[in-house]
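Chain nomenclature is as follows: A, B, C and D, assigned in order of appearance, with residue numbering initiated at 1 for each chain independently.
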């Protein structure tokens, strides 16, 4: 099995067409990636302020681009995540003074003083995360996923911190083992990038940082010819899902629901205004992140209410 | 048991201090309300365009105000919903041309042509809803809740279509049997208003209309002296929850999370920045509505991760 | 000439249909109002923190309701402001810790510490305002207007701090002597409310407080029968204007431009898509406020580009 | 004088560090650029639907990158626009079905039908623009500016259609002859890009298209060593200005005002909370665009109220 090993020196900090591929993968091939955590594995219990450790824009290092053989503009990649294991016995979380959902940031600027910095180390053992040994908080289950997964735009190179129609830093917990993420292809080879392993994360990732881990991930990419997507899709056993990333948050939700309704119409024959009304009765929503440059919202349709595919 | 029977002529269309109470209730007393659906029970299978049937602002008729004995400014009301039964064998849903989450509205104005109107009647029987007899959609379970519940502001009278810090038209499916909703008291007697029964609703209530039903609800209100809230809280067996209503949607989410974090600090002794970081690992979010004058977001903390109360 | 003299005990803090009129005015009659400043004239040089002086929701006291004879639902009121004189030799401005455009507020909640409170007294003499005797800032001209002007909704009572489709606390410097403000009538008599005199204000009213003054204003109200407006209009010598109030700010701008384009179509015969394109070449915009419960945006069409009225 | 002549084949469609410079310029050197219009000069009176003519992402062709000798990360470029002449006797405007401020777009998705496409040709002669020969609209003055001007980020390549902290497609009419635009340097040589000439534009550029022209522009770039900016600044005879680009629009305004206040503090010695309060009395705002991927707002401080520089 091919193993794509990320190191700091080969990491990608933008998702774009300008970096040489780090590996070639065939449609259907199972392969492994080794990812650094969002802070380049630099944080340990001695770190007090993460902003002093990282040097923008060199944060959230990704594995990639991975060249998918045969992929061409107008196709899609169906990335199935088989497993995600952590290669460290702790996760890292933090308060970063001008980053997060409940503080002033460079995008939502105010004159208030920034929050104080703070780092927390969360031990991980036997699929269980210890939030704090001081506080009496029961253990949190290890439920890993990739915060960042995306394919290159045709001309743009987008920060690894940004989500968008190309996928990217969506911080959607549905990008997890057992699920398949479907992404648009805009350049030859698709140029897939992955990173930002999370051992656990709440909806919204409210403080801006999950339980950040380096990982070994096992994946498979299936090339879907001539499926032209405008935004990412996800499939699980339980749901078909679409992800919208935008600001304000209602625009992210609008994109996600629009894509879901169009999918229900094109693949399941439910006329779009009926699908709109049906979603109003049974859809589910995950607020994936409200901390990144764009917010990400997942619209979910329960498979149990799907009619047969047309 | 006291039964508060709503009729069109006695309905409230604003939540405010200017209407005489329709009933007096004691703290701890179990009582029943009978509510009309959001369209005043006027829609049946012969209706094609709901906008021709309703005359603004006389929509979403509420039962109320209910005077809670002893309630004074600075107290709170804990409203426990014991059961919600529908008094009709069908629910109503609709596309209303300039209302909903995926169309131009008077608040998000565009020059595009409005959507066409459309009404759907959903038969309800044996706790099961038939979405459509034409489409091959499996039955949807009857999971009722009240879309609108709120207490009067001190001076303002707020449309029954609007959510806010007073509760109101939040369309949050957590306002359901088994759960307790805690609302601020701003005037003597609290002035509680309830209505807008839903037999089922997806997150976001995307088309603007759920499966709308008239109901018989059984409730209990407990007066909580000297608990001054700035936004609604909800408790279920599984979660403690706070609800924020605002536009843009991120501001609704900010309010909800801020209130949740302050609750974790005041009642459970988790310092607010630690609670912020903890929520980033384990919180859940429900997008209640993205269709009303303000959007409503529910931030949820799983009780299984709570330390003991202080 | 009729003089409507506002005192604290008779002030209105909501714009609604539930308070008895303070005066009757005929269409075309010239009358005077005496308004308190937004803080009820309570601030002087000894005040350090305005939040300790005011008791919510009793802030921004308005004169009203003024009953306009003959006004009925579906009509409009054209309010011409003839002059605004201040009845005090200083204006008041302030930083209010959780209010303003560049700080966390109850609607845009964060965990940052609030700003420190601060009051400034600005002497006014000979139509000139002294910002500070310490700083070397040239005098600011006295350019008065009313921050708040509105008519009652049919059922709602809206805080005097809120703008909306009824007018209200728009903080639009175009509500000034020489201009005419056109407002919808929703109840018999129209129920006009006015207050919140400003001696000067920057676009956006960024810190949330202008140079606040008590005033004597001379006004005239003309009843316009059967003109049904959905949002306020303003006319000056130079512009026809429409005001939208909403959040997020783009929705306020959308409303304002939509109304302006519809006005160009209905009164000047410019087809709406042509008017849209024409506005894209010549329209002007004032950001009136970005601090109130809704933001207010004024879309302006220069009269010099108007064809003849149809 | 050096003339940098843009042709379709050499045009840039992203602002980034990956394209080879098209010219080298010294600090203080006066040079000329020749720009294509936003549609690559492809539209004439026979065009009915612009979307059929352009092939995304190849729209808004820019001249660049221009390498400024000596520019290094941490410096700034002060770009003075000396003149802008049009090289064609007409400007182009259009309604593009899913682009603009008053319609559904890929970022504000709805289920409404798109607007119909429409192209308008506006003759330009003797510094005067004819909006329409059919409609009786007086001539519009020729007031040219560049819609797009920006410098390369360190790693990202940003669409020529997007504004941001790097400048870009701000559509701010203050980027005009006589004014100086100050932009951050993030890479050696600065990598300046310019294009998108407009003969006239209303505030907000509401339909998404101004009076688009090809130009010959005369410019000068002065290198400002060790001035590290986070967002663009502009200076005119009358104002110092800062530009924020973000969504929602209030975030763009927050950025612009924050930068303006910080500038007043650092260069003019006005303590930031005093500057905040002062701006609340005298600042002006231009809504530059509400149609691009981010909205752009210009905060303006009148020079007549400035104390001496410190």
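Here is the rule we use: a contact is a pair of C-beta atoms (placed from the backbone, for glycine too) under 8 Å apart; a residue touches a chain by one contact, two chains touch by 3 or more.
All values derive from a computational prediction rather than experimental measurement.
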item	value
Comparison of B-C and B-D (more C-beta pairs in contact)	B-C
Mean-CA-position distance for chain C and chain B (Å)	33
CA centroid of chain B to CA centroid of chain D, Å	46
Numbers and ranges of chain A residues touching at least 2 other chains	102, 108-111, 115, 247-248, 254, 257-258, 261, 273, 276
Chain-level touch network, classified as line, ring, star, complete or other	complete
Touching residues on chain B, where the partner in the complex is chain C	13-14, 16, 18, 57, 106-111, 153-159, 230, 244, 246-248, 251, 254-255, 257-258, 261, 272-273, 276
Chain B - residues contacting chain D, complex	102-104, 108-115, 248
Residue numbers on chain A that touch chain B, as the complex places them	93-95, 100-102, 115-116, 118, 120, 122, 129, 131-132, 135-138, 140, 200-211, 247-250, 253-254, 257-258, 261, 270, 273-274, 276-287, 290, 295, 297, 299, 304-305, 307-308
